[in-house]
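Both complexes below contain subunit A, partnered by subunit B and then by subunit C.
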Partner chain A sequence: MSFTRLPLMARLPLTTRLVLAGAAHLVLATAVGAQQPEFTARVDAQTLAVVQPLLEDALRDSLPVDALRSKVLEGVAKRVPAAQIGRVVSELADEFRAVRTGLRERLPSTVLADAEIVAAAMASRHGVALDDLRAVWESRPNGSSLDVAVTVLGELVRRGVPAQEATEVMSYLVQERVPLSLAAQIPGKFDGAAGAGVSPVAALTEALRVLNIPNPSGRRPGG
Partner chain B sequence: MNDDRHFDSYLNGEITQDELPEAVRREERELRKLMGALHADIEASHVLRDNVMREIESVGAPFWRRVVDWCIRPRTIRLSPAAGGLAFAAAAAIAILVVGVLPMSDTGGVEVAADRVVTRFVFIAPEASAVQVTGDFIDWSPDGLALENERGTGVWTIDVPLEPGVYQYAFVVDGAEWRPDPRAVSHVDDGFGRENSVVIVSRERAS
Partner chain C sequence: MTFFDASSWRETEPGRTTALLCSLALIWMTSPPAACAQARWEIDVNASRIQYDTLASLNAPSLSSMVEWQSPSFLARLNGGITGFEGAGWSTQGRADVAGWLSPSDGLGLLRLEVAGTGAASRHSSGFDSFLTRGDARVHLAGRRVGGWGGMGVAAAKSSFDTESVTGIVPTAGLWAQSGPLRATLSYAHTSVAGERYPETNLVLASSRGPVDVTAYGGFRRSTLESSTYDQEWLGGSAAVWVNSNVALVLSGGRYASDVLQGLPGGDFVSLGIRLTPRRSRPISRMEVAPIVFSSERARSGGISLRVPGAERVEIAGDWNDWQLEPLVRDASGDWLVPPGLGPGVYRFNLRVDGERWIVPDGVPEVEGGYGDRVGLLIISEG
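Coming up: the complex of A and B.
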């Protein structure tokens, strides 16, 4: 390998590289703590030692660090041991990473907001596939946030609505710019209908009818 | 023939320039030079040209168009420092008045930023002596937000202004017991062996 083909860092003397690496680490560590000064004040030293490297990794990977910090604070408030907090935060970061990577592969030109990654991770946890999430993103006519729509999608799938059916409905709502206030009420109305003992698809149809939202699957009345 | 008559004959084409007396011919050359200068293009400034064109366009234009033209046309305003100071003070007073008078949101007297939606949390616990709500919207503050026991009925409520989004939360009963909201639209595993409740806050909240 010729000298000129070496990466910039490799061409620098070892001491310079060590100094630069240390500085980068310091910047990341400072960023993790400085963005929320009360964070370090509320988290005990043992927990901080466990989660700090995880948060630095998350920051480096452009994951929703605020959501991870919030999970740490939740664990501290609930008096959870440091090791368990670390495990949960690590798993959550992995979920964010997987969803972010998957959506980036499917939607390379789309910028994902932190709230959208969090919502997508929760929906994924409820059984929504990345391709279904992509369908919702592709139906977005503008840059409006999809966190509410994706959350509702996850809630419908969790309640037993087939993913394809739920995706079709939510994509339609997004495409037609149905107010989020209506979309947010779908799970509640669904529960009301499902309580009467109907199938999930029928409950979804009823929820849409009650909210006066056109049903894109209207060709299959009652499912 | 005097000079004037020679000149008239020349202008009428009865005689040529060469037939003019020398004095008249010299005068004619001066006049021609002067006329040439008058015929040369005059380069008007673009400001003058724009203003003239705007005036021409405004003639016969509808009233609203003339008002708009008047409003958008750049003008030079001369202002003394005293008058300028007074104008600035008046503008600042109006701004303060408007901000103070206009409610950011109708929340029963509580000021709420326009981008926030008042969200009511309700928890029924007749046996409880204190109930707090905490969640990711307040970074899981251990103190939480205290709910009010409405007339001692055991129905604990609080209105919290939240930005649109999806939030996780839980109630803390008597400072120790973590409880999910049974009325919540959804619950998620918190990873710590308990459940968090989920609330979806949308800007055009209708429920």
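Coming up: the complex of A and C.
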């Protein structure tokens, strides 16, 4: 229950508050189960007891619940103990919450899609700072989904490209509406150049050159 | 220049806990560079029982830490630790390694030049100090699954016992091969000190599968001296079992080699410890050459194939099918075909090989999975 709702609740009689609280819980529990009936059928009772409250919290906070459900099902498929599934899902929800909060602070008028929050959280794991993510979002002309672009950004950083350089490039590609099918080839071309032993920045420059994408930082291959 | 005799270490050998670390690190440093960047930070708390060659066995609790940064062309690593010895004081150890790789030309893509440096120091509570510096230049020929190197090293060591440092020339050569999760490294070092030579051969096997990382090592040394305390064999190993992505139980034991340059004795040991880290990391395979980024047209038509060497049966599970295992079929080249129908987006997935182990195939971008493993990413672009 969010803090903003407490003053109103505090003015209500105790019995009314209990009924409302119970109803709210019922609605959330129904929502968590009803959206994917197969979910409750596939998850054992012990795991369900652990993750249900977490998913309800996530639903209440408008986090990417599908991604959390998927993480539960992954754990079930891998025969992970219920307690560990609960811990991992809780940590993942915290990651989503932190990234979304950070992006909302930096981009107050931007609506973030679930897939974008998940991609941002993964990129954040690879060392992409929230301010770099903001730069990518700010470069978006309108509407287009950024989950693939942000995932490629995270992958570039994971492979050694300094975050600032990678962010400059991805922001440019998003801004100029370079087809993502082309942009998504950057990490592969980058590896080809990096495999020859050049620095990550030079490898990125070479990858852009090979793909005939203008380099926003103006560096030439090897520079 | 002087050269230590092993007998001179009778009084101070409890301070020699870094010998095993140093020899394994040397082998590790001659591995080819990673294909992408990775940072690591680990803290180990260990309880060990050590039987030095020239001293009765003793208990030795220790606390050590390692910080590492590794990228395709550079590596930096710092080790530090403190060890207590039953009835024999305590010692601190520190070690720093740096290495850089470069390729002389794009036309010689398999060729790498490496320059590496090491500095190490230890101090025992009795006031005894020892220092080691070493520089190496190596030439690597690195393929996707096999490679080798040859090079030359120069090292200098000094301790409280001597007024002059001991210097040695260390030509080295080696081969490595990787098959699935198993990596084997065979190395040879021809150490020359004070006119004598101490050729030695080492073999290290390392594998990481599921929650378990295993390393085994063995080797032998035969000097040109008629009789030398440094002529010996060694064999041992370690296993780290990851409870989750932050904590592992580490069991190690065996015999480790004496150190010719520093004059450190060998010994037998068994150790049980806990490893703590912000996030488990694995050695980065240099076979990781490209992310799987497919067009939606190719994904819809079933044109995505994954390579899993040696697999008899492969199943796939991921976000798109609620992690329900689907068997894959092989194409004409032996690769495994992902079922058609995926739309644009980013999907998390794993393969299950032969009904038992979950993997991320080579060449696929991946992230920490949370369940002590990693998950792959299938990136499907629009258009």
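Going forward, the second predicted complex is superposed on the first by the 212 of 223 C-alpha atoms of A that agree within 3 Å, B and C clash if a C-alpha of one lies under 4 Å from a C-alpha of the other, contacts with A are read in each partner's own complex, and residues count from 1 in each chain.
We adopt the following convention: contacts are C-beta pairs under 8 Å (C-beta built on N, C-alpha and C of every residue); 3 or more make two chains touch, one makes a residue touch a chain.
These numbers come from a predicted model, not from an experiment.
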{"item": "Partners on subunit A (subunit B, subunit C) - clash or fit", "value": "clash"}
{"item": "Touching partner for A:216 - first (subunit B), second (subunit C), both, neither", "value": "neither"}
{"item": "Contacts of A:53 with subunit B and subunit C, given as first, second, both or neither", "value": "neither"}
{"item": "Which of subunit B and subunit C A:102 touches, first, second, both or neither", "value": "neither"}
{"item": "Which of subunit B and subunit C A:77 touches, first, second, both or neither", "value": "both"}
{"item": "Comparison of subunit B and subunit C by subunit A residues contacted", "value": "C"}
{"item": "Partner chain in contact with A:152 - subunit B first, subunit C second, else both or neither", "value": "both"}
{"item": "Touched partner set for A:199, first subunit B, second subunit C, both or neither", "value": "second"}
{"item": "Common ground on subunit A, meaning residues reached by subunit C in one complex and by subunit B in the other", "value": "36, 38-39, 67, 70-71, 73-78, 80, 84-85, 88, 91-92, 115, 118-119, 122, 125, 147-148, 151-152, 155, 158, 179-181, 183-185, 187-188"}
{"item": "Subunit A residues within the subunit C interface of the complex", "value": "36, 38-39, 42, 67, 70-71, 73-78, 80, 84-85, 87-88, 91-92, 115, 118-119, 122, 125-126, 147-148, 151-152, 155, 157-160, 179-181, 183-185, 187-188, 191-192, 194-200, 203"}
{"item": "Residues of subunit C that touch subunit A when the two form their complex", "value": "35-38, 71-73, 101-103, 106, 109, 112, 244, 286, 288-291, 293, 295, 317, 319, 322-325, 344-346, 348, 350, 358, 365, 367-371, 373, 375, 377, 379-383"}
{"item": "Interfacial residue positions of subunit B with respect to subunit A in the complex", "value": "134, 136, 139-142, 164-166, 168, 178, 185-186, 188, 190-192, 194, 196, 198, 200-207"}
{"item": "Residues of subunit A defined as touching subunit B within the complex", "value": "36, 38-39, 67, 69-71, 73-78, 80, 84-85, 88, 91-92, 115, 118-119, 122, 125, 147-148, 151-152, 155, 158, 179-185, 187-188"}
